[in-house]
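The next part holds the structures, each set out as structure tokens.
Next, two complexes with chain A in common: one pairs it with chain B, the other with chain C.
Let's turn to the complex of A and B:
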């Protein structure tokens, strides 16, 4: 009950942030512009809409997740509202969990909103809802789950500015899993070991990018269900690890 | 009577990494607060009052020492069910209405409905927040209304022990008086109040005992009656010899003596021997004692004297 109360309050506060609405409107605008761009390239109009739609959801989702989650803890500490919460019978893990749930609920609402617009545009253009597009949106959702957990983790010890660059940087590196994977087989042991650390330790955001196979049908996902399931489990387990670490750090933090 | 708060050697040190120095915010504090009393915790800004409260509530962690609240270790989550805290200059969630804020805090105590709504209403009425403000966003609240909602949130769980940090600062006289009376009424309900305040007149009026802390060190503690007991006398003397070293002689006996013009010296003392010694010197210099007026000590006098003495100014 306590984490839900904190989550509900967090959603209320987060939805007041104008910057989040700017990213949402920008994302929806980009998706809505899909048919226009497709019109400019009639041969690939389907690919353009699909590619632009998923990219818009990913980009808007990325910024919404980061700007929502980096402030969740620092604002409570800066405004001292955390004093009136933690002086009540609220365990610190409940506070972190509530903040995460609230922050992610905001991200969920935004991705659902953009996803609905995207699928509607697809329906209008293709007169059908391709299941792989739905999977694409779901994958973005789980990617953002992982990113939200990462941002909350950093917010237990880093300032919002540092957190922004850390989260954004790790998201970028984590998206280049093919590059970090190739580093692991480098002849130079130093580069190879560093590559292994980066590839296996940092969250592999690249796993969730199924746009390539969707946009380029020649690349086939052998078993979409297993692919989806494995990625979901990966995101959930990795997020739980990050949240556990966040709780351990926040438990020792003075507020 | 059992101790509501028992502090045993509580110490908090901060290390300034850049300047390579250690700052002691609270130094080996020992204190007992009895159940059912309003206890005044006094000190200058930065004396360590808020640090002490934050340690007791588990918001920060002590470097050394220990404490119990209502018989349980400080920071214990179970004891928080019976605690309340009003921080100094709190910012509440501005987008919430007063009612929603109270409801939120009620949920943190796991108070079920409809009991929660009933308590919210009782608390808002107790702090005399106008009902038309209950459903308004806190963003539009005045300072007085924010303090009222602050005290109301501290009462939502019907606590046994309240930590109030400057509950009446910055208020207009009417709001000040009303909130002070609300705090005073808590004692009648059997609650223990740990009151940190700079409003010494309020503290003198509603507290039974006080402690004075300075630079993290406990200087004195006791009942108000004991602390302000002993009558002081304000002595005014005059002599033309003041300019010829007489003032310096008086000042060496009473460091707080103040010279007013060329021929007047005024000082306060509760020690008859000191007063006699000064009178003898003045008369020896053919001066006159103009007046000796008995004065009642206030808590403010005690506070100023105690702190200045510690700082070596007296």
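Let's turn to the complex of A and C:
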């Protein structure tokens, strides 16, 4: 129960941060403006609404996740509140777990809020709720789960500024999965081995980018359930790895 | 290292010893999951990767907007810019944007279609003659669009239309229309995935007619009728379906009537009350023996001044017939085949055309058995550079019976089987894919004459054999650079034997 109590407190603190609300409101505003930008589409306004909506959720989710999670540990250490917590019968792993759960709960609330607005706009525009759009939101959710774990991992040893650039940088590299995948079959063994290391060792955020596939009904994902399930499992397992490493590092840190 | 570990409590050490193998196993599992995801992700991105491999060029993921998920919105913004360029007449500026949009959003099928239309139709000289060097890039763009959108019938339709309308390659047009129809079976509604629009059957039927495949054309009209009847039953008040349905009925009846008038001695309409098929009707004032139509084709090519040629001549044909003029580098056709086979990266990436290549194509209408036009290429040096290394140019003056209008065809038939002229000007196109249905005996072609009744089943259409070659009229001239530049006259000595297509 200790991690839940810490998570609850983390959520309360995070919701008080104005910057998070700015990102949320921006995301919601962008989604709500989707139909206005319908004229941009060479084919139909649905494409733009869907693209803008999913992109806004991803973009706002990205900044909310990073901004929320990079401060979770450093703020506790800086304000010395961590001493009060750790002086009680609270294990360090429980503290990390609680912080992660709290941080991710904030991200979850934001994604759900934006997802509801997005689906509502779709309903208003198309008079139906396309299930593939729901899947798009869920994939963003798991992408952010992985990113939250990564940010928490870095926050155990890096300052918030360094953490921001590290997390954002790895998020960008991880999104280039099709490039790193193509590097694995490069003729140059040096490039191919480096490609394999990057592709398999770094968290692969590109797996979750299925926006283009679900926006255009012309693309079929073969065995979509298997594909989605495997990606979810990947996100959970990789997050567990990062959190365990975070605990191990935090165990050794003197606070 | 060992001393450093000793600094920490034993509980931490124990946890570390337990956790590290777990982390290792979990990481291996994550890598295993990644290896399972990769093939599916590759398949999902296959259409995009094909292009990246083909050109080794810009990858979507290197761009910030696409990276953040704004691919379609970015593509839309660029498309608006394209529209502005189009309306301001800045056609060259549109090409890189079309390329960028199709990279950004490889499923923007309309951009492939409109971009290819722009390439094939909008680059012209000062006399509105198309720059035909852009046809290959236009077709390649459409083929790329088909590869990336294999479930969209519209792009194949556009490729078919360009082959039908622009290049008059009716065989390629038929193949593209059939591909469009076979992309997704029509299921009675326009909801995705939608089948090819009804107009595809219409144009396909016209393409069959142009190629002289009359039974296939009739079959296609019947297919269209069947489909529009179904649609009309669902929505009896629809003006569109009513119009389509009545057009199909009329076109099928007209096709049957024209066939009867042209090729049979009975069942004639008032336009041909004689006892002879129209393609063999005896000329007035002669004996009553049915005979082919003598075209008496006499083309003249004159050099007026530098880069200006005068095309004139006589042809025994009704007003409205058209004589085609084609001026190219001497080796143009060979080079074009090579270009089509080895599509260059430059062409795919930038729609670049060879500035040293010259091709001019014009169609001149016949009035009172004569045609005449001055073709001025001096103002458009970008299009007509006349920089061919061999300094030799080919001028082909031709009359294609298949591409002409129906009232002209009434005199010589669908594939020119009812026309005669000097043997040296008659060109038989015996390529298998260009064979029409054999409709008349003794005027070229192999195999039995069609009985006028049997209409093939759409299922076995590919097994049908056709034996009627197209009988074109064609005169080829081999001109030197000096003749093009007006420094040397053009004479009958410059006429060379035609080369088989």
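Throughout what follows, the second predicted complex is superposed on the first by the 250 of 255 C-alpha atoms of A that agree within 3 Å, B and C clash if a C-alpha of one lies under 4 Å from a C-alpha of the other, contacts with A are read in each partner's own complex, and residues count from 1 in each chain.
Note that in this section contacts are C-beta pairs under 8 Å (C-beta built on N, C-alpha and C of every residue); 3 or more make two chains touch, one makes a residue touch a chain.
Quantities reported herein were computed from a predicted structural model and do not represent experimental measurements.
Enquirer: Evaluate whether chain B and chain C can sit on chain A together after superposition, giving fit or clash.
Expert: fit
Enquirer: Regarding the shared-chain residue A:13, is it in contact with chain B (first), chain C (second), both, or neither?
Expert: Only chain B is touched by A:13; chain C is not.
Enquirer: Quick one: is A:37 in contact with chain B, with chain C, with both, or with neither? Answer first, second, both or neither.
Expert: After superposition on chain A, A:37 lies in contact with chain C alone.
Enquirer: Who does A:110 touch here: chain B (first), chain C (second), both, or neither?
Expert: Touch partners of A:110: none, neither chain B nor chain C.
Enquirer: In the overlaid three-chain picture, which partner chain does A:167 touch, first (chain B) or second (chain C), both, or neither?
Expert: Once the two structures are laid over each other on A, A:167 reaches no partner at all.
Enquirer: In the combined three-chain arrangement, what's the angle at chain A toward chain B and chain C (CA centres, steps of 10°)?
Expert: 160
Enquirer: Tell me which partner A:59 touches in the superposition: chain B (first), chain C (second), both or neither.
Expert: In the superposition, A:59 touches chain C alone.
Enquirer: Looking only at chain A, is it chain B or chain C that touches more of its residues?
Expert: The partner with more contacted residues on chain A is C.
Enquirer: Scan A:1 for contacts with chain B and chain C and give back first, second, both or neither.
Expert: first
Enquirer: Quick check on the superposed model: minimum Cα to Cα separation from chain B to chain C, whole Å please.
Expert: After superposing on chain A, chain B and chain C come no closer than 6 Å at C-alpha.
Enquirer: What is the shared patch of chain A, the residues that chain B and chain C both contact?
Expert: 252
Enquirer: Any idea which chain A residues touch chain C in the complex?
Expert: So the residues of chain A touching chain C come out as 37, 39-43, 47-48, 50-52, 54-55, 58-59, 62, 93, 172, 175-179, 181-182, 199-201, 204, 206-207, 209-213, 215-223, 226-227, 230-231, 233-234, 237-238, 240-241, 244-245, 247-248, 251-252.
Enquirer: What part of chain B is in contact with chain A in the complex they form?
Expert: Counting only chain B, the residues touching chain A are 54, 57-61, 77-78, 80-81, 83-87, 89-93, 95-96, 104-105, 107-110, 153, 157, 163.
Enquirer: Tell me, which parts of chain A touch chain B in their complex?
Expert: Those residues of chain A that touch chain B are 1-2, 5-6, 9, 12-13, 16, 79-81, 83-91, 252, 254-255.
Enquirer: Hey, which residues of chain C end up touching chain A in the complex?
Expert: Of all residues in chain C, those touching chain A are 8, 12, 15-16, 19-20, 22-23, 26-27, 29-31, 33-38, 40-45, 47-49, 52, 59, 61-62, 67-73, 75-77, 79-80, 101, 105-111, 114, 149-152, 192-193.
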